[in-house]
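Labels run A, B, C and D following the written order; every chain starts at residue 1.
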Amino acid sequence: MAKHHVTTTVNGDPVEYLCESEQTLLDCLRDELDLIGAKEGCSSGDCGACSVLIDGRLVCSCLVLGVEAEGKEVETIEGMAQGDELHPLQRKFLEHAALQCGICTPGVLIAAKALLAKNPDPTETQVRYWLAGNLCRCTGYDKIVRAVMDAAAEMRGA
Amino acid sequence: MAHVVLIGNLRQYTGDVTQLEVEAATVRQLFRKLGETFPELAPHLEEGLAVAIDGQIYQDALLEPIGPESEVHILPQIAGG
Amino acid sequence: MQERVKKPQFDVVGTRPVRPDGVDKVTGRAKYGADLKMAGQLVGKVLRSPHAHARIKSIDVSKALALPGVKAVVTAEDFPGQPSEFIPAGEGVVNYRDMTSNVMARAKVLYEGHAVAAVAALNEKTALAALDAIKVEYEVLPHVIDEMEAIKPGAPILHEDMITTGVTPAPTKASNIAKRVEFVLGDAAKGFGEADLIVEREFKTKAVHQGYIEPHACLASASEDGSAELWVTTQGHWVVRAYCAKLLGWEIGKIRVTSSEIGGGFGGKTVVYLEPLALALSKKTRRPVKMVMSREEVFKASGPTSGGTVKVKMGVKKDGRITAAEAEITLQAGAFQGSPVQPACMCAFANYDLENVKVVGYDVVSNRPKVAAYRAPGGPISTYGVESVVDEIAEKLGMCPIELRLKNAAKEGTRAAYGPKFGPVGLIECLEAAKESDHWKAPLGPNQGRGLAAGFWFNIGGETTVSLQLNEDGTLTLMAGTPDIGGLRASLCMMAAEELKMDVSKIRPIIADTSSLGYNFLTGGSRSTFSSGMATVEAARSIVKQACGRAAKLWDIPEEAVTFEDGMIRPAGENAGKHKPMSLSDIAKVAGKTGGAIVGYAAISAQGAAPSFGVHIADTEVDPGTGKVTVTRYTAIQDAGKAIHPSYVEGQYQGGAVQGIGWALNEEYIYGADGKLQNAGFLDYRVPVASDLPMIDTIIIEVPNPRHPYGVRGIGETPIVPPMAAIGASVRRASGVRFFELPMSPPKVLKAMKAAGKA
Amino acid sequence: MRYEKPTTVEAATALLAGQGARVLAGGTDLLVQIRSRILNPDVVVDIKGIDTTRKITKDTSGYTIGAAVTGAELKEHPTLSKDWPGLVEGANLIGSTQVQGRASLGGNLCNGSPAADSVPAMIAAGAVATIAGPKGTRTLPVEDIMLAPRKLALTAGEFIVSFKIPARPAHGGDAYLRFIPRTEMDIAVVGCGVALALDAGGTCTAARVALGAVAARPLLVEDGAKALIGTKVDDAALAKLEAAAKAACKPIDDKRGTVEFRIDVAGTLAKRVAKIALERARKV
């Protein structure tokens, strides 16, 4: 079975890769494009560590086939900072100590970014439900939720 | 003489002795003397036990000094998660 | 005599700088276990037992080896047999016969998921095809899962040579009870005779998994010359090195182990599973071999902690003074002996100042994966039972649960049931803080209740090496060897900065590999900030001493005539002459010309660890229509000794509390009658998600540890000890029903409420 | 495994008529099953290239929702959440935010799980599936599609293109609730959808009650509807509904819940869902 030739955009860059039908987008990002920021925690869409945006939509990249990315715009954690400038969410995560081991952090940040794009002023409950698909075993979520709320406030200019 | 207390299952190697007085200036000396007194205990002393000297727990500390009036407990090693 | 810490003023310690490894972790750059790639690497996969208990009659790997792209297969034959002896290494005492039989089944498979063979192939697809092509002939044997079933006469025996130790006279027949332990203080029978009220209860807890989000992963590369490199996610790479060397029969010095960033461990990454297999496959193929567990493998084949049965009996006077306490604790060890029953017994009554205590424990094997350490191993299980009984006593006496505890709380001078007397400890301070908290005084709504429980962990020190090098420009590089899971590097840099009176951002830390630094015991037992911190302080002080020595030489004055104050090296007084003070940077610039680089090195066996007590308050609301328990408010209070970086201390309290909430409400290993795990995934092994929880409030108590330069106690373990009993007590008040079994999942809660007429 | 992305219904049915073919819509179940080696299809047919599977259209007779429209897209539709809030809620309880970005009504139904969250809500709403196949197109009410776990009333080559949801009655309301041990991320232990319509006086004129995860397939509970029709949906009617819901359950004991628990909770949920649907019907 010949591999698929996929042409897509990742973090604004045009990229091409070859993949087999079974390979997930997560496999392609990590193995073909060496973008290791998205993590494989479960392979079943239950942990959110592999979260990426496809055409602005938050998805688990382990539940998307690599071939499905054809012609799409994919955004990963590697595209979140602009040059030396961290995204406000990234900065607030550091200030609030919203990570311990950090394995869930790329997925949480991508998910939080998608939330704030849709809802710039979320309540604590809205943040918690939006992030329910991003498991974190270290922090108990407290500091994550605070960091997201604080970043939202800063981004609103509040 | 340090007052030595053997905790937990160690009594099975000492013929049910759980408390005794031992002249020892360091943990190493204490272990050696206990091993001589209770040969069945010796391998367990080598395989890793903790000692508490006057309440403070020491692990892997053969050179730790023991005071003449010290109370020394010998207990299982503690690890963690 | 112990020297009490003076309350020093700190410049850096106690502040909240951004962690030095932070940017890499928010940008996706940080490299974890599965993130390294090597040229020519192969994919390694493990064939695992589909049976809970079976004899391996034969393994035929020929068809697998014949597949194009399959490079090697290993089975138990590739690992030398080990004698059954208990050797101090890594996590306490290990038995290498058990360890080698666990990483690769020998005569029998002892649990579903037990490794039987491993393959290395060009890619994952081929590796999986190779697993399918390996033919294993099993003779299926009867299995036993539950610990109380496993100790019954006639239960299937896992190890024909297992004779219970700790029993006199020694039994003559094999059983599944590996060990009996006993801790006695005073005379429990006499104490019960003095009691006005005796409460006796039996509790049951289920096996729960550490649930780190990063699966086990490693990349091994063995060379023709007998040396090897291993990249691995682990809590202790020196321990991994020792285990692998032993299991493979290789020299320790030829194996270089590098710890990747670690995506959570909680005790579960203190042992080896894939590592010796990857090294063996790499040696056979002379190519790098990468192995990563699937989530299903993590659940089925890596260590959960024990489930168990805890019987507790406590006697109390009418005024609340506890006169006697007894417990019997039976814990699952998994397929090989070594449950945390000993610390479970020792923790059981550690919260209390008691005269008469008897605790008996049993270590029981059954057809489950071998347990691994999980945060305060054993402590949460026994404490759940004891603290639940204390709560019931408070209710029966009509006493406030805090007052009852204050009346009996362990304090400086209390003799623990396991022997020694406590030094200064902070339980009373935690209880007082709970009593004074807004939370304790806040009103409750309908169907809501509030519970409280206390917890304890010993904390440990141990072998630690740190190197601190002063660079040519005055910056510093810190090398530690205890993997950083939750902000360790930040805390170590802060302690170095405190000693050197410099900006913490000038110190860049790394976790060094096993060939770059002397031995380090693992990150676990709440030891890394304590022990590596102690070594860091020593290394920093060595830098100061060396720098002062260089200044003395430059100034042609004796070393004693030089001091280090406010970050500057100065002549120590008028008599020392007038010399312009020098900074460490100034010294760094001339170090090369005055004797060479300045490096502080501390190789210590850290002693003086001190226990940390904590008290948690939980509010819950119970839905009488469904039995669902929701945690509505939560406060974790704990003695840190001294919080180096308070944010990461709070983070430990919060994270531990939430793991405990999961343990209390929904997490459990569920087995079918076939002995197979039914919920080996995050879908049905239900760890708490963000929307399940309220904010977790924290109160940091600081009763300094007199044996640490800054007063540090370990803090990572204790936070998981109180939650189950705190939530149990809270659910009792919210639902009107007292529960004796974890998890308090909706079907159980609804059933009990219906039976009590409360639903 | 082959991956195909046809752009016409005909091309899709031709591919699906072959051996070992599976439909790929959102993939949130299919890819998990392939990854865990439960399924090993020869070909996956991505139906998202077919325009009609990805669109929501509205006319006087109601909505036509493409089978591959995601839960997130249902939620973002300008009027669907107002007309059929229960349906949208059901679809948006499938997995996480991430999963809602992919999971579809068609996939949720055709995965063949009795616990699928969107299915009781669709049944309550009276949804009818439009099925394309080698012999042309046919329609089937949603409650008739799933026969047993993993077993559907679809024949070789057939797939669901879209669902027809009727126009909301003048005083109509629907709701869906499920019970799970956590707040998110679990499979329903019990799911319940109710849709009802009132006359101007507030008497229930029509009702549909559906339960999920309490039998081998999602259930349309006729007796539940009977308990409500002709009443003001008062406490007496709700008590009858509770009894009817419990009586309809034929659950199993499994890792997610016991028989007894599922029956009890089905009764509790049916009452709660009916109350929400009633509130909604009164407001429009």
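The rule is short, and it goes like this: a contact is a pair of C-beta atoms (placed from the backbone, for glycine too) under 8 Å apart; a residue touches a chain by one contact, two chains touch by 3 or more.
These figures come from a predicted structure and were not determined experimentally.
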Set A-C beside C-D; more C-beta pairs touch across A-C
When centres are defined as mean Cα positions, the distance from subunit A to subunit B in whole Å is 54
Averaging C-alpha coordinates per chain, one finds the centres of subunit A and subunit D separated by a number of Å equal to 29
Subunit C to subunit D, mean C-alpha position gap in Å, rounds to 44
Note: subunit C residues in touch with at least two other chains are 210, 266, 682-683, 688-689, 691-692
Residues of subunit B that touch at least two other chains are none
Flagged in subunit D as touching 2+ other chains are 36, 183-185
So the touching chain pairs work out to A-C, A-D, B-C, C-D
Per the touch rule above, subunit A residues touching subunit C in the complex are 20, 22, 30, 34-44, 46-47, 49, 76-78, 80-81, 86, 90, 93-97, 99-106, 109, 124-125, 127-129, 131-146
Within the complex, subunit C is touched by subunit B residues 5, 7-9, 12, 47-48, 52, 54-61, 64, 71, 73, 75-81
Per the touch rule, the subunit A residues reaching subunit D in their complex are 1, 4, 20-22, 24, 43-46, 48, 51, 54, 57-60, 62-65, 67-68, 111, 114-115, 129-134
Note: in the complex, subunit D contacts subunit C through residues 36-37, 179, 181-187, 189, 255-258, 260-261, 264-265, 268-269, 272
Counting only contacts in the complex, subunit D reaches subunit A at residues 1-3, 24, 26-28, 31-32, 34-36, 44, 46, 70, 72, 95-99, 101-102, 183-185
